[in-house]
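The letters A, B and C name the chains in turn, as written, and every chain counts its residues from 1.
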Amino acid sequence: MKLRLLVNGEPREADIWEGESLLYVLRERMGLFGSKNACEQGECGSCSVYLGGTLVCACLVLAGQAGGSEVVTVEGLSEQGRMHPVQEAFLEAGAVQCGFCTPGLIMATHDLLARNPGPTEAEVREALAGNLCRCTGYEKILAAVQTAAERTGT
Amino acid sequence: MTQAPIRERAVTPDGIGESVGRPDGVPKVKGEFEYSSDLHVDGMLWGATLRSPHPHASIHSIDTSETGTMTGVFAVLTHEDVPGRKVYGMEIPDQPVLAWEKVRYQGEAVALVAADHPETARRALEKIRVDYEVLDPVTDAEAAMAEDAPRLHLSGNVLRRVDVGHGDPGATAEVVVEGEYEVGMQDQAFLGPESGLAIPHGEGGVDLYISTQWLHVDQDQVAESLGLPPEMVRLTLSGVGGAFGGREDLSMQIHACMLALHTSRPVKMVYGREESFYGHVHRHPAKMRYEHGATRDGQLVYVRANLLFDGGAYASSSNAVCLNAATFACGPYDVPNAQIESHMLYTNNPPCGAMRGFGAVQVCFAHEAQMDKLAEKLGMDSVEIRMKNAIEPGMKFPFGQEVPYPAPVREILERVRAMPLPQERESMGRDLRELPGGVSNTTHGEGVRRGVGYAVGFKNIGFSAGFDDYSTARVSLSVEDGKPVARVLTAAAEVGQGLVMVQAQIARTELGVENVVVETADTRIGSAGSTSASRQTYVTGAAVKEACEKVRERVFDLAREEFGESDGLAIEDGNVVSDGLVVAPLAEVLGDAEISETVEFHHRATHPLDENGQGDAHLQFAFAAHRAVVEVDTELGLARVVEVATAQDVGKIINPLALEGQIEGGIAQGLGLALMEEIQIDDGRIQNASFTDYLIPTILDMPPVKIEILELADPEAPYGLKGVGEPPTIASTPAIVAALRDATDRDLARIPVRPEHIVGLEVKP
Amino acid sequence: MEFLQPADLREVLETKAAHPEAVPIFGGTDVMVDLNFDRERPGAVLDLTRVPEIREWSRKDRRLRVGAGVTYTRAITELGGLLPGLAMASRTVGSPQIRNRGTIGGNLGSASPAGDALPPLYASDAGIEVASVRGVRMVPVEEFITGPRTNALRPDELITAFMIPEARGPQQYAKIGPRNAMVIAVCSLGLALHPESRAVGACIGSAGPTPIRPHEAEGFIEGVIEEHGLWESRSEIPASALERFGALVAEAAKPIDDVRGTASYRRHAVGVLARRTLTWAWDEYRRDAG
């Protein structure tokens, strides 16, 4: 089937097999490899994207369900090559090791701060509980989110 | 803090000792970093693997006739298509590339297909008919030892046995404690699944882009099984999504290359999460019987231990794990008499091999539980008894090696004990997220008790027991766009830990240049050894450092040629200086020259253990102590770790932020093993091959970590450094379990501790 | 595989009638796992996300009609005051990403005994609205879920909504998992006080083939409350009665051993949860007096 999406502001289309997930289409059909495939069942958050402005696991969206919708991936967060403050904060805090969880965590942090610009530590932990990281032990991620909140908040 | 003075010099910005950013950091946060699963070339095919549904079976036939005719299917391969050696393995080549005659574990690879879409490949696998005769599986190590057990390999079921005998085997003591301990099978659970892209290079060979821990050991094994000389199989490291030991063995490397060579097309293979659980080795499950004897004042007299490891169906690195466990079985204590038996058995369970901590993790859980038991029996403080028995430099380990300096066991215990405990807070009415059970709303404070536990552990850094452990580095220095640029090439695998950054820091420090490019690791250069055993900063770091030193000497030669003899030459801030005075800018000294030096650094030789388990087996030892504070809902058996404090000797801090990252991340994996992580196996079959049921800690499970670092320089090591990756994973687990015992007064002799253990319910065996 | 994407209720029912084998999908949290893990290859998938009628909820005469496509996130943010038990249960589901997509209708459709939304529905006697081109029927939730992963849907039917009274008393939901977030229930308990009807609703999750109403325990505690006039006095429930309530709930469970927990632990834990949730709900009821 033919699928049309608005991805990071650009209209895209692809011929797909109906059983493909939005994640597969973004990665393999559209060459947007920033969203990662780590668990295929919504447990790890590595494929987090915005679908119609809502944070979702792209692996759990059947591609056709997204037809005609707006999708924003981690590649869409930087503007004119300039990193988003959340991305900068992750770098500075040492929140990146292997980095496989990083795009998903950055999307989830972006979403959290949009909903709650000044989250408490407990709120950060609850909001990011669906993003597994195997390298960092999360301490530096918490620090990154706090830094990002300070910079993006009012 | 002491550090062996290397030479006087000015501090180079972004050199060693600083929290330098990662060169791969920007692409990683932007989603542009290319992991092996992101590789893509036009016209590539997708490879897929047919795996055995049975843990033990004879294969009578494999019929691929239906698959071969399917549209979109380009290859169907079985063991008959393996061009070279039909088995592989790092230590013992005993694992079939593709099974024939027999399968020995559930998930063993039997056949391969390449197709134009992953779905086509999956449907093609369904059409392969394998005629299995199901056999009774050998499902635990004890069963494998039985005389009438089926022989799983021609060599028998005993994969390795290491005995360590030290002192008087008949020693007796005034106070004796015994215990039996069990460790479940932990998974590395790296987030980036096994994946790679094989591209035929047109001259009969193949280029493989791969996430791995050790390019050259992969290259050797792949070439052997393809029947090609190694130089025809070129490997390039692709982005690695975590490793933790799980990428030391081959997964899809040979398979992807076979498919690529057979189809003359690029072939990509990517495991899904479920397949990943079958696609790599796991941490060895262990059953350990211990007896400790001590004097009435708490001095250890003897340790007797019987260690039984389930190696699973194939050898992987079980040999070395068995040896490690035997040598670390007594803990970092002065034990005058020790009798250790370490057994490694073949079974029909999934193969086990390397995982962070490598044999030290299992025994540390047991010996630390024993130390607590002894302290309790003697009415001693649990830290006091450890300090009283702590080893010191100059003493002998039970395996006969002299304890080298530094070995600050007492100091790190003192440090963790001295750190202030987190304030005890009223549990009733707290935010749910700060209670056991979290947002699942299981307690509002009812039944919650706090516990505190301590543990200390140690491990070898680098490869041991006579292995010629080395790394190769090439460092080049030239002028690019008017600026001096150093280029570093090694085959060392960056797996997330930050080695690319460390290599650049070393080059900056040694060459005094700002611009350092760490090139993509590949097999154009000699082996760097494995990214494991916490060894890369030491071994590859040393190779890079020595190559830089040689380059530097050649810069000085050039300077002397051009500017005459001068004393006290150094490179600082982009200038060649003599006794602190600028001779000339480095760029001017270099001119058009490219100075390149390649160094192979071999660390001091180690030696195999003799028949009594004695020998200078290890290169370096690293120590870490942990204190855990937990809160337990004693009625429901749910726990929340409140804080972990740790003290670790690292010799020399190379990058503070990265060091903390290793410590915090290692503790998270230790926490996982203590509380939740286990591959559950029933009759040889994995029951929880998914992230829904193989649970790793979330951000709500991980507590704050307090860290104290000691920098006691190892006089043999570059900059005095010690490997840091593994120690955080070793004693954190027993510290957490000790804290659980403190809160609950239960034995908790098995990890991961499950809620039913904490509440004391009968647990099925 | 055919992908069907009707735009409204009439069309979706007609499509389902024409393709009874089509697997409905909304948030994908179950269906997509089956697809991604190659466990299922349905001939057709029926996307419900474009059907406005099933995404809505409405309130009339202190009863709610909640569309099957209301997500857990919306159950928390929009229905938290009206259905606090369901909101608490929704908060324990997965992560924000999952709650943004997963729906209560999906829990009913999957009919897993571990579905977190189910105990609150049972504890308040929800009815499930089921529709087809043949018409609409209402099935009590206890009859709707017929076994592990089976429900009373006929091949041409879809779950369109559930009907539930808005809370008139305190509600609780508690769930056991081996980590502090992102867990499938080892076991769980939903509890609702219904002071107007002088009833206590409880439901055990994930400790039996379906969610289980512990009727004997409910009757027992209702009797104790009546006997002591506690609905009026709002005095404490005697500790011995709370214990007995927990024990009766534990007895009502029909747990099994599996990879997530043992039967004996589940039985033990639902008893503890029953006692605790009743205590919390009753404490709230007592506080609300002032």
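The definition used in the following text is that contacts are C-beta pairs under 8 Å (C-beta built on N, C-alpha and C of every residue); 3 or more make two chains touch, one makes a residue touch a chain.
Small disclaimer: the values here were computed from a predicted structure and weren't measured.
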Pairwise touch network: line, ring, star, complete, or other: complete
Between A-B and B-C, the pair joined by more C-beta contacts: A-B
Chain of greatest Cα-centre distance to chain C: B
Chain A and chain B, separation of their C-alpha mean positions in angstrom: 28
Euclidean distance of C-alpha centroids - chain B vs chain C, Å: 43
Shared interface positions of chain B, touching two or more other chains: 272, 433, 439, 690, 692, 697-700
Multi-partner residues of chain A (at least 2 other chains): 17, 19, 40-41, 43, 126, 129-131
Shared interface positions of chain C, touching two or more other chains: 33, 36-37, 180-182
Residue ranges of chain B touching chain A (in the complex, touch as defined): 19, 21-22, 24-26, 28-35, 37-38, 40, 117, 119, 188-193, 239-244, 270, 272-273, 431, 433-434, 439, 495-498, 657-658, 660-661, 663-669, 690-692, 696-700, 702, 704-705
Chain A residues touching chain B - in the complex, by the definition given at the top: 17, 19, 27-28, 31-41, 43-44, 46, 73-75, 77-78, 83, 87-88, 90-92, 94, 96-103, 106, 122, 124-126, 128-142
Touch list for chain B against partner chain C, complex: 122, 272, 274, 433, 436-444, 446, 635-638, 640, 675-676, 680, 687-688, 690, 692-693, 695, 697-701, 754-756, 759, 761-764
Interfacial residue positions of chain A with respect to chain C in the complex: 1, 17-19, 21, 40-43, 45, 48, 54-57, 59-62, 64-65, 67, 108, 111-112, 126-127, 129-131
Chain C to chain B touching residues, read off their complex: 33, 36-38, 88, 91-92, 172-184, 186, 257, 259-262, 264-265, 268-269, 272-273, 276, 280
